[in-house]
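Chain lettering (A, B, C and D) follows the sequence in which the chains are written, and residue indices restart at 1 in each chain.
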Amino acid sequence: MSILVDKASRVLIQGITGNEGQFHSWQMFQYGTNVVAGVTPGKGGDWIFDGKVPVFDSVKVAKDATGANVSVIFVPARYAADAMLEAADAEIPLIVCITEGVPVRDMIQVRKFLDQKKVYLVGPNCPGLLTPGQAKVGIIPGNITKPGNVGVVSRSGTLTYEVLYAMLANDIGSSTCVGIGGDPVHGLNFIDTLELFEADPETDQVVMIGEIGGNEEQLAADYIARYMTKPVVAFIAGESAPPGKRMGHAGAIIESGEGTAEEKIHALRVSGVQIAHHPEEIASMLIR
Amino acid sequence: MKLHEYQSKKIFEQFGVPIPKGRVANIASEAKQIAEELGGRVVIKSQVLVGGRGKAGGIKLAKDPNEAMKFASDILGMEIKGLPVRKILVDEAVNFEQEIYLAIINNRSNNCPMIVASASGGVDIEEVAQLSPEKIIKYNIDPLLGLQDFQARDVALSIDLPRVYWKNFIKILHGLYHAFWETDSTLAEINPLVITKDERMMALDAKMIIDDNALFRHPDLIEFRDLDIEAPAEVEARKYGLSFIKLDGEIGCMVNGAGLAMATMDIIQQNGGSPANFLDIGGGAGAEKVSAALRIILSDPKVKVILINIFGGITRCDEVAKGLLSSIKQTKIKIPIVVRLVGTNEELGRRLLCDSEILTADSLVSAAKTSVLLATGGEL
Amino acid sequence: MKLHEYQSKKIFEQFGVPIPKGRVANIASEAKQIAEELGGRVVIKSQVLVGGRGKAGGIKLAKDPNEAMKFASDILGMEIKGLPVRKILVDEAVNFEQEIYLAIINNRSNNCPMIVASASGGVDIEEVAQLSPEKIIKYNIDPLLGLQDFQARDVALSIDLPRVYWKNFIKILHGLYHAFWETDSTLAEINPLVITKDERMMALDAKMIIDDNALFRHPDLIEFRDLDIEAPAEVEARKYGLSFIKLDGEIGCMVNGAGLAMATMDIIQQNGGSPANFLDIGGGAGAEKVSAALRIILSDPKVKVILINIFGGITRCDEVAKGLLSSIKQTKIKIPIVVRLVGTNEELGRRLLCDSEILTADSLVSAAKTSVLLATGGEL
Amino acid sequence: MSILVDKASRVLIQGITGNEGQFHSWQMFQYGTNVVAGVTPGKGGDWIFDGKVPVFDSVKVAKDATGANVSVIFVPARYAADAMLEAADAEIPLIVCITEGVPVRDMIQVRKFLDQKKVYLVGPNCPGLLTPGQAKVGIIPGNITKPGNVGVVSRSGTLTYEVLYAMLANDIGSSTCVGIGGDPVHGLNFIDTLELFEADPETDQVVMIGEIGGNEEQLAADYIARYMTKPVVAFIAGESAPPGKRMGHAGAIIESGEGTAEEKIHALRVSGVQIAHHPEEIASMLIR
């Protein structure tokens, strides 16, 4: 069908009554996502969206009451770790943290705790997930893609939209789009997502959007060479970036010569991945 | 946020890592006085946030207070890699037997702090890492449990530290680890950690980088931010929550999202142009943020064209258009602006711009090509 | 190590748990002065390390400084469950709306700290636990991760705390947790945590028990040990590293190992006798420790017989015998001593004793029977 | 054969050069235990016991050099947690901590870490293990028992010796004796050990020695009723103990009415366990 989320996903939103949370929750709701609950501590008992979605004080209570199995987090950065831990402690199997600016130390602790819990985390600092026509779980605009056979995985936000938009202009849709986020410590990585796409019968080919910093793309290249049967097209942003300067994402630091765009492109090319020069070119490299 | 050596040493000292006696100064006469207090022989160290200070002449050993004053005066007049030296650290001169490298950074692959150590510390550590990687020890720490004594001993063993120094080393490593962890650092580095001729250990140099995202937990550290060393444009950008980095090219860029901003710069370069900056206005930027971004770009006299690439998601295209129009009204902008707007409220945004002098493009590639053409003096 | 209320409150305050204004005193006139400072209405609370102080008349509400002085004088003259009152705490009187129970203890089954909370706090909390166990909330904390905000909120939710108090409650619970963890406590308890009529929260009573084994990490807390409240024999025992507890019987016991000591007491009881004490001389006790143990047992005038049961493992039987003999030489011991020695160097030990007046037994049961017989005035 | 240790066990001793460590290591060595290494940081390179046993600076190094698969810990209480963590980190599958007086907080952290590592911990504050004629791993005197078919598990030290001694006097030997220690937070518990004895073909019957405090004996009673086919004889110390007083072991606190000897004896009796009135009586209740 798709990976991670579909129309059966029962979505809970942490921070549903905040400014950003409310805006995007409404977008998700309008898209047709099965939003079953919101959580804002201190606002339990309220209802939102014309009385259609109940708000709870805690994730545990919300999960017990609604059977939520996905949580999207929109709370401010300093509370994000607590929100992720709460969702994991309540054993929500898929946690998507949109919040950007979460301290690395918090994420290190969250990851260590989550690793014991066997739950999926996507993000933080990511646009979330979109399975076109079924579920929008995060902030990827719903109108820039349509159902199709291309799995999309990306470390970037608007760059992903650019790619989806170019695909749509060429009448190509996607099975699921996954924004994994660009922070140095995060949840789901390229390999995890590629594995899921490889196993998904609705996905025939994959687009992978990387950027400078770290070595996840290189590891993904290795994985692709060994295990992927489906074709992969990739774009790596940051060829023109000077080394050692922080590029908005903490993740986009070139660490002492490691993690340059050249290096990543080379590794991917060797693994048989087609490389696009710019986002719009991707669409033309996909199989109709 | 990068800390100066003297700031990092201050933190190290709080966490029990021994440092040489010394003090920071910003005038040469003060250096003389400090040298007198410290007994004459001192090291004068420029406090600038770049590597290679020593090779650039920014670190000098003075044999007496008068020489200290002279060197201080020289160094305070220097610029190192474009950064003016505003402060110097005057430290007692220390005679040592061995230089050890000791650092804690985050290991992205294992999501945990990692100790990096080497018996061959000093200025050439990067060369050591290149030529003899086996001389660099890497050791992961469980972030919830924290550093344990046995691990500190394992590190001491790995770098063949003589046993007489183990107890001291373990204490220093614990101090460094706590300094790293408690201050939300992404790097805490001692290079060199020396064994002195009189058999003590101390951190002769110190480097820390604090996670900007965690500064809300450390109001005391925010004071450490050294605005001097940042370009005024970058300071201004931070004020508005913009992510801005000055580069050397001629095409100013304004983009929403870091990845898309890099991709935009890449396309400019692929088409023969060169970006003047990286500027990410972030998600959901309103009109005010857009005008500020424009002002910051225009403050660079080398900019010949501005390319604005907005993919509206959280960000609304009409808000961006409004910001642009109000800026244009206020300032007389003499250089061409090329705009590409897609996504949320894109129609509304384009309609707002159609009566202005702003050029619009319908693809990223065409926007880049137009900008390069205009920057190189071509005409449409 | 049990802490007094005033000591526990001092620690709570350091960790941000609000407590009433007040001070400790040991003379009645001081209580009057404190009452004057606090505006008159105060609570006078005896500081003794037993429960049920209130019911014993050890806590009194004084409406003015004169009454404070009177009550203080009364209470300072009291004995509560055998313990003399040497100190009183004089706290401002607080009017409250609700009493909450809040504690952290270690959960032995899950090897982690556990929050115990109830909306029905106060003196009858144990009755609540008996009659309405559903009103007691138990909540495990991951010891490596520590208490998280969401957990503190869950606890607030579970005890139906009105939302307006959540923020405050979360802060208090964090404070209590840190106080518990940082001081190596095995118990940190607030009963009651009150909501005052003017909508504040504060800890009206406080109880902490510190892990004796961890006191080496807390030199500051060792000063808190209240030697007054311990029998001199117990203080003496601690000095020699003996584990001693005074009981009411007539047969003094000296055993190596806590389990064996309890089993020995059990057998004495099964045979109609009653043990005068629990005394574990520990593993590897030498002659000096043995004589100290003997001295401590003999300091109880009720003791009619001494039963010594040693199973030599680390402890050597000859060392024990030597200790006994040297004690006998020094002090004129008038009561019979029954010894059972088995294990390491048992032959050597027995040989040393055979010329003395000490009786030996070859099984635990026969040693117990002999002791009981002698204690009840029987003859062998 | 036995449980946990036998003549094939390769035993490493942490704190081998300390006062107590050296004394007991020598006893173990003389008993015939396969002592392959000692660890004392700062003394690596030394040899002990007439040059027969090498001393290393760290457990990892010792394990790599000697293939040690059991570690016994004799270090002082304040260093015991570090020693246990070091052994666990080196993935020594069986760790026996003799040290008494380890702070509870340390043990809580150690247990949490060890639970992730899948290693067995026995103790702390315990006499260790003895498989008669094969391996003495701890401080249980070697001469008070002989090979036999009785598994012995105990929370106590000298009380165990008393029982073994009484058994020996009646010509009854043991398969393995396990002192699990009496601290509130510890490793192997009664149930873990009973399970091992139930599965051990050399063990035909089990002696269990408990004491007041906690509820491990009650849980064991439940386990015995459900799963044990082998007969169990038990002794519980502390019938005469007044409530609420600390009895040497932190574990021996009667917690608000829970954990009395009566309660434990009752639970065991209901589960079909024979109860001895005093340690010497146990021998007479065992099957010849």
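Operating definition for what follows: contacts are C-beta pairs under 8 Å (C-beta built on N, C-alpha and C of every residue); 3 or more make two chains touch, one makes a residue touch a chain.
These numbers were taken from a predicted model, which means no experiment stands behind them.
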(message) What are the mutual neighbours of subunit B and subunit C in this structure?
(response) A, D
(message) Going by the touch criterion at the top, tell me which pair is linked by more C-beta contacts: C-D or B-D.
(response) C-D
(request) Please report how many Å separate the Cα centroid of subunit C from that of subunit D, as a whole number. (result) 28
(message) On a C-alpha centroid basis, what's the spacing between subunit A and subunit C, in Å?
(response) 55
(message) With centres defined as the mean C-alpha position, give me the subunit A-subunit D separation in Å.
(response) 50
(message) For subunit D, give me the residues that contact two or more of the other chains.
(response) 109, 112-113
(message) Show the residues in subunit B shared as contacts by 2 or more other chains, in ascending order.
(response) 142, 144-145
(message) Please classify the inter-chain touch graph. Allowed labels: line, ring, star, complete, other.
(response) other
(request) Can you identify all of the chain pairs that touch? (result) A-B, A-C, B-C, B-D, C-D
(request) Enumerate the contact residues on subunit D facing subunit C in the complex. (result) 20, 23-24, 77-78, 100-109, 111-113, 127, 139-141, 144, 154-162, 165, 182, 184-185, 209, 211-212, 214-215, 235, 237-242, 245-250, 252, 256, 261, 277-280
(request) Show which residues of subunit B lie in contact with subunit D when the two form their complex. (result) 142, 145, 148-151, 153-154, 157, 163, 166
(message) For a test of understanding, state which residues of subunit A touch subunit C in their complex under the given definition.
(response) 41-42, 44, 57-61, 79, 82-83, 85-86, 89, 109, 112-113
(request) Provide the residue numbers of subunit C that touch subunit D in the complex, in ascending order. (result) 106, 108-109, 111-113, 126, 142-144, 181, 184, 186, 211-214, 216-217, 243, 245, 247, 255-263, 265-270, 275, 278, 280, 283-284, 311-314, 342-344, 363-365
(message) Can you tell me which positions in subunit B touch subunit C when the two form their complex?
(response) 144-145
